[in-house]
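Quick notes on the structure that follows.
Chain naming follows the written order as A, B, C and D, and within any one chain the residues start at number 1.
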Amino acid sequence: MSNETINGRGLAEAERLYRDYGIRAKKLKEQGQKSIAYVCALVPLEIIAAAGFIPIRIRGDVNEPITKGDIDLETIACPYARSCFDNAVKGRYSFCDGLAIPHSCDSTARTYSVWRYVLNFPYSHFINTPHTANTSALEFFRADLKNFLKSLGRFARSEITDAKLARYVELYNENRKKVMALYALRKQDPPLISGAEMVKALVAGLSLPVEEASDLYDQVREEILNRKDAAIKKLPRIMVVGSAIDNHDFMQLIEESGANVVVDDLCIGTREFGPPTAVTDDPMDGIADRYLNRINCPRTYREKKEGETLEDDLAARFGDAGKLAKEYAVDGVILYMYKYCDPFGFEIPVRKTWFESLGLPVLYIEDEYSAGTTGSLRTRIQAFLEVIE
Amino acid sequence: MADEQDAKKRRKATEAAGKIGGMVRAAIGGTIKAKQEGKKLAYAFISSSYDEIIRAMDIVPVWTENYAGICGVKRDVNRFLERAESLGLSRSLCTYALCGIGFDQMREELGEMPPNSPWGGQARPDMMLSSGQILCDPRNKWYQASQQFMPDVPIYNVGLPWPMYEDDVDVDDVADYYIKHIVKELRGLIAFLEKQTGKKMDYDRLSGIVALAEHTWDLIWETYEMRRATPTPMDTGDAMNTMVPMVFMMGTQEAYDFYLALKAELQDKIDRKEGVIEDEKYRLLWGGGLPSWFALNDFNYFNSKGAVFPAETTYRLVEPIERLNIPNTSDPVERLAWRWLRYWTYWYDKARKRPGSEPDVERLIQYIEDYKIDGIVMHEAFSCRTWHLGLIWQLNQLKKIYRPIPVLSLGKPARRENPSLILESDIIDMSSYSEVETRSKIDAFIETLESLKSNQIA
Amino acid sequence: MDELRAGATGCTAGIDIGASFSKAVILSDNRILSRHIIPSGGNYRHAAETVLGAALEKAKLSRHDIRKIVATGGGAANVPFADTISSDIACQGRGVFFLHPSVRTIIDVGDLSSKVSRIDANGRTSAFLLSGKCAGGSARILQVIARVLRVKIDEIGPLSLKSQNPVRFNTQCAVFAETEAVSRIAEGLAKEDLLAGIHLALASQLYTLAERVGMEQDCALIGGGAKDIGLLKAVQEIAGHACIVPDEPQMMAALGAAIIAGESGA
Amino acid sequence: MTKVAIIEEETIRCSVIGHTGPEQRKLAGRVVKEALDKAGLSMEDISYLVATGYGRINVPFADKQITEISCHARGVNALFPEARTVIDIGGQDVKGIKIDGQGKPVDFVMNDKCAAGTGRFLEVIAETLGLQIEDLSRTAAESANPARISSLCTVFAAQEVASRLSEGVPLGDLVAGIHQSVAERIIRTVSRLSITREVVITGGGAKNGNLVKMLADKLGYGALVPPEPLLSGAIGAAMLARDRFQKAGPGQMLKRPRDFGEVTFFNA
């Protein structure tokens, strides 16, 4: 199957799918295959896939000035969300049949109506992901996901059985495992795959049916393992921590400045691909649990337990990232945030404190989601690397 | 000469609005005093459906947004914003939160109130009540950020969702699991407060306070409706003051009495046909956004140009209780939950009847009609996404779906053009505000209204 | 000539004191008798005197012949002899409507700021937006670049049209644009490609502003920037349709002011 | 401005400051030659050469490019070992750098998007008023009553200043107001770091005594200024060059011919 669906191999194929994003889904559409566009890692892909749709993650484009999107959306939304919206308004996702938006943050939730009306997809749905993570919230979320499932089922005119859900839980878990296997190639020094290559591969996969994405990741891995001429040198090892990065430009900038990006805590990165969905009797239990409790995004409030010290609390909130930093032997951390991103913004001081307490130097960058900022970022990054040296 | 003219046109503020300054000062002073007396203080966010619960537990709320607003009015925010920035917080975040965090950090570091704090300062809390509702990220993260330098102060985060407006989802179909969750969150809050105070909740007392609050809701709603009179007896400039008891004192007798007095005053003004200004030429709707607290004078400027604001969407946080269709229940917590859900979904059914409409747009249309509105004014504060995202779109949508009001169409089939002005500045950060520029925008807007009016007559 | 004199009892004048240029238009019975434009220089009051004087001279009139004078533009408050002041938005609207009654959207690219407005079928403004407190989205950047490239401002438009390959221009700041332009040229970039890139960047800002008030097919580009054919092309490209540039696009506000002066009673 | 410093062991052998035109590459070569001539040295005598600053990539004959952040930190540390915060006011940007006792930067912030609040702002105002940049400080000192400048934007502010001057506002008051405005912006940028003493102000802006005084007023304590603030970056670069050379050990550095690469772009 893989050879028939994916022409070209590994990195080259990833590059093609990354550049011509959505091309595969457009092709499949000719055969009647429908897809649902979505924003944010908090949308349960298992449900969309089980309903018979390809989930297509909406991307921004750092090289494309935001124009049409600004007509309906205030510029005080985060620039990443604005760019995603701009691209959608410009018709890059018009091949999709529906839209799913979760309550990730103000920049997405408060603009749901704008997305819904301006893009005018035949189907749209808002997933009301709770902000707090307790048992009541989990129950609520489960009910809300059932509601999503029902609504999708109505649109698809088909019943979404538990067996189908369970099947996609399995497929997505497998997919996530393959991504993490790619990450493992970066534990070596120098890493076998660069940060920029990684972004391209991961993003490419987000526009494919999950089975094909898994194949793609396999092929990339195979190619990397056999690659003799990789130009990756031994350089300081950097971890990038922040909200969402879906263009390779930023990683490339870091790597051009004389460092290797070896791991991250990002969307379209380990935050999204790291945690698997628990296999439960009712698949929805595992799904609700993953998207509320396991995806460790600051938009979900995790409370400081009684009697916990501040250090305990930080360890509970950022321990995952800290573990990765250790596993991948990083030399420094770049905290990367978009302007107007409240969920991450309020955590910058504690995150900085936390990484510094692990002995890691931290560079904090607030960016605009535009390749236009490259020039001024270069100086900051180079200076940071000089500090690490 | 200009002064003379201004004097003639000078707006007549309500007496009620005049009382607010004193009330706020007393409230803030009161929290500091309460602290000294050993009462329990809680940092809290407005519009989080927990006012009655806090009051019933005798906890003294410290409204942190309010205090930031006060700093804004007093034009003393810079040192707190800069402090927050130096902690690593971006200036693009909610400036209320930045001001609050900056202030708290300074107080903690000094071990006392920062020198010359506006109105005596913001007292150190015994607990913090976050609001992880669908409304706003900063209220979900602000207190957590403050814990970095107040690790001993516990937080309870109340997560209160409501369903988003969808074409194909009826609120009643989902209300079940929403209510269940909201009730649990509120009960969790009660348990938390019981633990913090060592006292048990007195549910009869809570019921009493909920009932008082609901009477207050109705009363407030009536005062809003009274402003439909021509000339309007009160405008938004005043409402930005008179909202204080609604927002910060809900569930108290004082708030109820305040609105009782306001209602009587408005009735009196209506009977005497006394308007905000003598010669009311344009009726405007404050159609969204929080005001710039340091520039409330701009409302006077509008007034001096013959424009009044009989209505605003901002801070209109009540609907008539009866119309909320709250199911019968003797449990005050359940009642709170239903009121919450129904309030936020109040406009959904109306919106469903007009294709392309949306609850927020529907509300604008209703107010335009009820208050005989000539124009809309909105404010886009850069630091607050919550109240300011979607405004442009609402305006666009309004133009698209709203049928022309006959008087303005002048027999022509043209769409009604709603004149619009979007000011760009912030709630408390003055660095982005320019009075000259704002006023010249207002001038141009008034000219626009003038020419539309003259079209109407022609 | 006598005819003109005869009509002169009903003469009105509009004066637009802009940040960079001051303009005056003298109007009689809906006919333009004369118009004049001079650089504003540092002293607005002086500029107002001079530009009106010159316009009067062209029309062979004296101050007494003018029934009413309306001032507009950023420096309007400095015109002591004006009877009233009117906002530039209203004036532009009237001016454009006078010449091109079909126009519904007006994009004014002035020296310090850009303004976008919509007018209805009666020539009244129904909505408008101004660019912010940053000169980045205005015509000033064109002036700056012209200086860097050592070409006359009138030449940048034609030069830009030659570009096959517009670059992406990063700097929004009208001041730092100079530095970026200098170093890009030093890197060997062709002047026309740089210009075309700047035109695209500016046009896209203008377009977004225009779309916010509602851009319609019948659209006019005015102000000093409208004289730049490269900018015009870029705006049209992004908007996907043609834009009218009135004769003497810089004079629209002054013209409108003169019209408003004529309307407002005796 | 392009600056060159040559150091030998601990001492500065010589330094030269030249104007940065559009032809950076050509200029860098010329200024270095001038410095060498002054010191009586030739290029072969230079063991290691570090280029820094906005145009650092345009110095083809450098052994290494290092950001101005590290260089300023190092340079200031060499001059004032007690310094913990550096405020660098350049023409292209304003930077705040926190440094440790070794002169390593530990944190930094910069404003390089908007000319308001940079040295460039002052240049534009000086140009508008027909003053020399060197005279600004003195002119401002004449004022007891600084005018409030309401525009933040450089372009708007220049306009505002010009028209208020014509309204009869005294020149000194306007210039003082402009200084006030720049000082506020700088403090706003730099206070994103928690500023700790001692504070050193460098870069061209530090040559402006009035500006330095206003900054000190806002800080609430005095700030240190190097004898030639324009040179801190170049000195730091030279120190870092020496550090690198010493670390590598003599003979270890590759000696490659330094190409002065004169290039001119404006042949018109």
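Assume contacts are C-beta pairs under 8 Å (C-beta built on N, C-alpha and C of every residue); 3 or more make two chains touch, one makes a residue touch a chain.
No experiment lies behind these values; they were computed from the predicted model shown.
Shared contact partners of subunit B and subunit D comprise A, C. Inter-chain contacts peak for the pair A-B.
Our note on geometry: subunit C versus subunit D, Cα centroid distance of 39 Å, whole angstroms.
If you average the CA atoms of subunit A and of subunit B, the two centres end up 35 Å from each other. Chain geometry summary: the mean Cα position of subunit A and that of subunit C are 46 Å apart.
Residue positions 71 of subunit A are each in touch with at least two other chains. With touch defined as above, residues shared between interfaces to two or more other chains in subunit D number as follows: 112-113, 151-152.
Of all residues in subunit B, those that touch two or more other chains are 87-88, 392, 396, 434. Viewed as a network of touching protein chains, the structure reduces to a complete graph with every chain in contact with every other.
Those residues of subunit D that touch subunit A in the shared complex are 66-70, 104-106, 108, 110, 112-113.
Those residues of subunit D that touch subunit C in the complex are listed here as 22-25, 55, 58, 92, 112-115, 120-121, 124, 151-156, 159, 162-163, 165-167, 265-266, 268. If you check the complex, the residues on subunit B that touch subunit D are 82, 85-88, 431, 434, 436. Residues 63, 65-68, 70-71, 371-375 of subunit A touch subunit C in their complex. Contact residues of subunit C toward subunit B in the complex are 86-90, 118, 120-122, 124-130, 132-133, 212-214.
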